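Here come two complexes built around chain A, the first alongside chain B, the second alongside chain C.
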Partner chain A sequence: MKKLLIIMVAVMGMNVAMAQGSIVEKYFKELSGNDDYTKVSVSSKMFSLFTELESGSEAEKEFLSAVSKLKGLKIIASDSTPTSRKMYDKALKDVKAAGYEELMSVMDAEEDMQFSIKEKGGKIEELIMVVGGREKFVLMSLYGEIDLKNISKIARAMKVGGLENLELLDEK
Partner chain B sequence: MKSSHFRIIVGVIVLGFISINSARAQESILKKFAKSKTEKQYTFYASTLRMLDISKDKNLHEFVNDVEKVNIFLFDSITIIDQSYSELSDMYSSEGFDEYMSMQGGKFAYIAGKEKGKEMEVVGVFGQKDFAMGVYLVGSIPLQKIPKLIEMIKKMELIDLLDLDF
Partner chain C sequence: MESRIKEVLDKYWAGETSLAEELEIKEYFKSNPEISGIGSYFHQLKNAKLVNSSVDYSYSTTKKRWFSVAAVLVGLLTASIVIVEANRSEQYLVEDPQKAFEITKKALMMVSNGLNESTHYTAEIKRLNKAEEKIRE
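Here is the complex of A and B:
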């Protein structure tokens, strides 16, 4: 009985792990070998690689505290894909079908974007951003334990294209 | 000497050998790969890294002290074109290295590491259209300092591959 319980817990744990970033993982697989799309995966341990914060500074301490509960970031991006609109619509459909809750959407002449979240036990465990422009497509997943108050701090500090859109969440 | 003490001592020696050989094996993955595919190879130690730090960052100097060795391999033109360096990511993943960062599509980047107590092994493989390199680092460096060290290697003006401003 005890063994069965351990196996069940292990299987449930595997499912949770697989669920994290699963939408983006699916696109990573679909677009592997397609050089039109840049695919980036960054563990939170390496977030500071993409900042220009001074070592040991107050700003760096603040940033490290903001990312301490995050696990990682995955991005798929292209600024020269003729199928950007198709990709955007497909991604929104997949995000909705996977049970993510829409947080905010922005539409203008240049590009459209949508932020969605996945919550568990009152905590946000994944934030998905989808951006679609004339030839631009971005699909981003930030996962771990997410505090929306810290999102704009992270977005400002990290010099990663597309991440600046997260600052919009601060204006919500 | 009691036989139980003897067994413990023998066990510690055997474990020591296993861990030394295991560390060398992981370093040799890159070394073996680079053997016939490298145009230039650099090896830096704490003292030489301090000399090369053009920013003269005091904080950097402190943790560079704990770097045992950094190997940098600049791959040759054939390897740059065939992009065979990307296979290194699978090789290191199968050795139990944790992936810290990866990038594919146009540019290639892979950074992974393995912690053994205080000692840390980090491997980095970077490639783009006209340049590719492999980095192997060993030392007792705090994990959160690794990005700064990679940043320092970037500042050596050997390469600028981690520009993600697409």
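Here is the complex of A and C:
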């Protein structure tokens, strides 16, 4: 009886561990035979390797500090799927059904984008990004400790870097 | 005998019996279980029959053992399914650090750009609102 209990607890523990990123997991399974989609998973071990890299620019520093708190990254993406619209709607529905809160959505002529989050104790522990364009579909899950401010700084820092380079060109 | 026991019982309820007399009562009920309430209850049970006597309500110890074996098997099966499922995503795991770095960078840039785009929009909407207010003034 004791053995049984231990096994059951172990199984439940595994399920809890699997819960994060599980929505992308579901799409991994669904699209496992479909080569139109690129499927990628990056583990927390890999993230810890990154942090040993030397950070040079401001953007890289922001990037590394954002990454250091992450536990995993899972992406499904395609640039050439005829059913992108359908996939996008389906993914949004699944994300909502899985209990994620919609954070923000952006719609423009080219593509639609929606961010959803899962919070625990006031901290974001998973960020889901869904993108749907003409033939484009992206479903991404970032999990671990997520600092939105930190992440949004990355692009800004990169842009600043880009502008600096432009100025240099002008001087020449 | 009957009248004698009645007499002793009356004495018993009055609390006047001697130890020998109490023993006498005890002996009497022991030898005639159907007289005392409990005795007749058990007597009834003895004569009662199951409505459907073909059903075997007793669990034999071997059956019990099979149940626990089945439960352990179910547990192991669930565990193996979970492990197989976990491996499924591992086939997409990036093992080259350089590649993983590029992918993560791209992914975070995409998220970052998306976040900035939406804040950019809200900023624009705020600006429009302010402009509208100014015009109204």
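Please note the rule applied: the second predicted complex is superposed on the first by the 118 of 172 C-alpha atoms of A that agree within 3 Å, B and C clash if a C-alpha of one lies under 4 Å from a C-alpha of the other, contacts with A are read in each partner's own complex, and residues count from 1 in each chain.
The criterion applied here is as follows: contacts are C-beta pairs under 8 Å (C-beta built on N, C-alpha and C of every residue); 3 or more make two chains touch, one makes a residue touch a chain.
Here the structure is a predicted model, which is why all the values come from computation and not from measurement.
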{"item": "Partner chain in contact with A:79 - chain B first, chain C second, else both or neither", "value": "first"}
{"item": "Which superposed partner A:64 touches (first chain B, second chain C, both, neither)", "value": "first"}
{"item": "First (chain B), second (chain C), both or neither touched by A:98", "value": "neither"}
{"item": "Per-residue contact with chain A, leading partner among chain C and chain B", "value": "C"}
{"item": "Partner chain in contact with A:35 - chain B first, chain C second, else both or neither", "value": "first"}
{"item": "Touched partner set for A:117, first chain B, second chain C, both or neither", "value": "neither"}
{"item": "Which of chain B and chain C A:56 touches, first, second, both or neither", "value": "first"}
{"item": "Chain A positions touched by chain B in one structure and by chain C in the second", "value": "32, 39-43, 46-47, 49-50"}
{"item": "In the complex with chain C, residue positions of chain A that touch it", "value": "1, 3-4, 7-8, 10-11, 14-15, 18, 21, 25, 28-29, 32, 39-43, 46-47, 49-50, 53, 63, 66-67, 73-75, 104-106, 113, 115, 127, 129, 131, 138, 140, 142, 148, 151-156, 158"}
{"item": "Residues of chain C defined as touching chain A within the complex", "value": "68, 71-72, 75-76, 78-79, 82-83, 85-86, 88-90, 92-94, 97, 100-101, 103-105, 107-119, 121"}
{"item": "Contacting residues of chain B [partner chain A, same complex]", "value": "57, 59-60, 98-107, 111, 143-144, 146-148, 150-151, 162, 164-166"}
{"item": "In the complex, chain A residues that touch chain B", "value": "31-32, 34-43, 45-50, 55-56, 64, 77, 79, 159-162"}
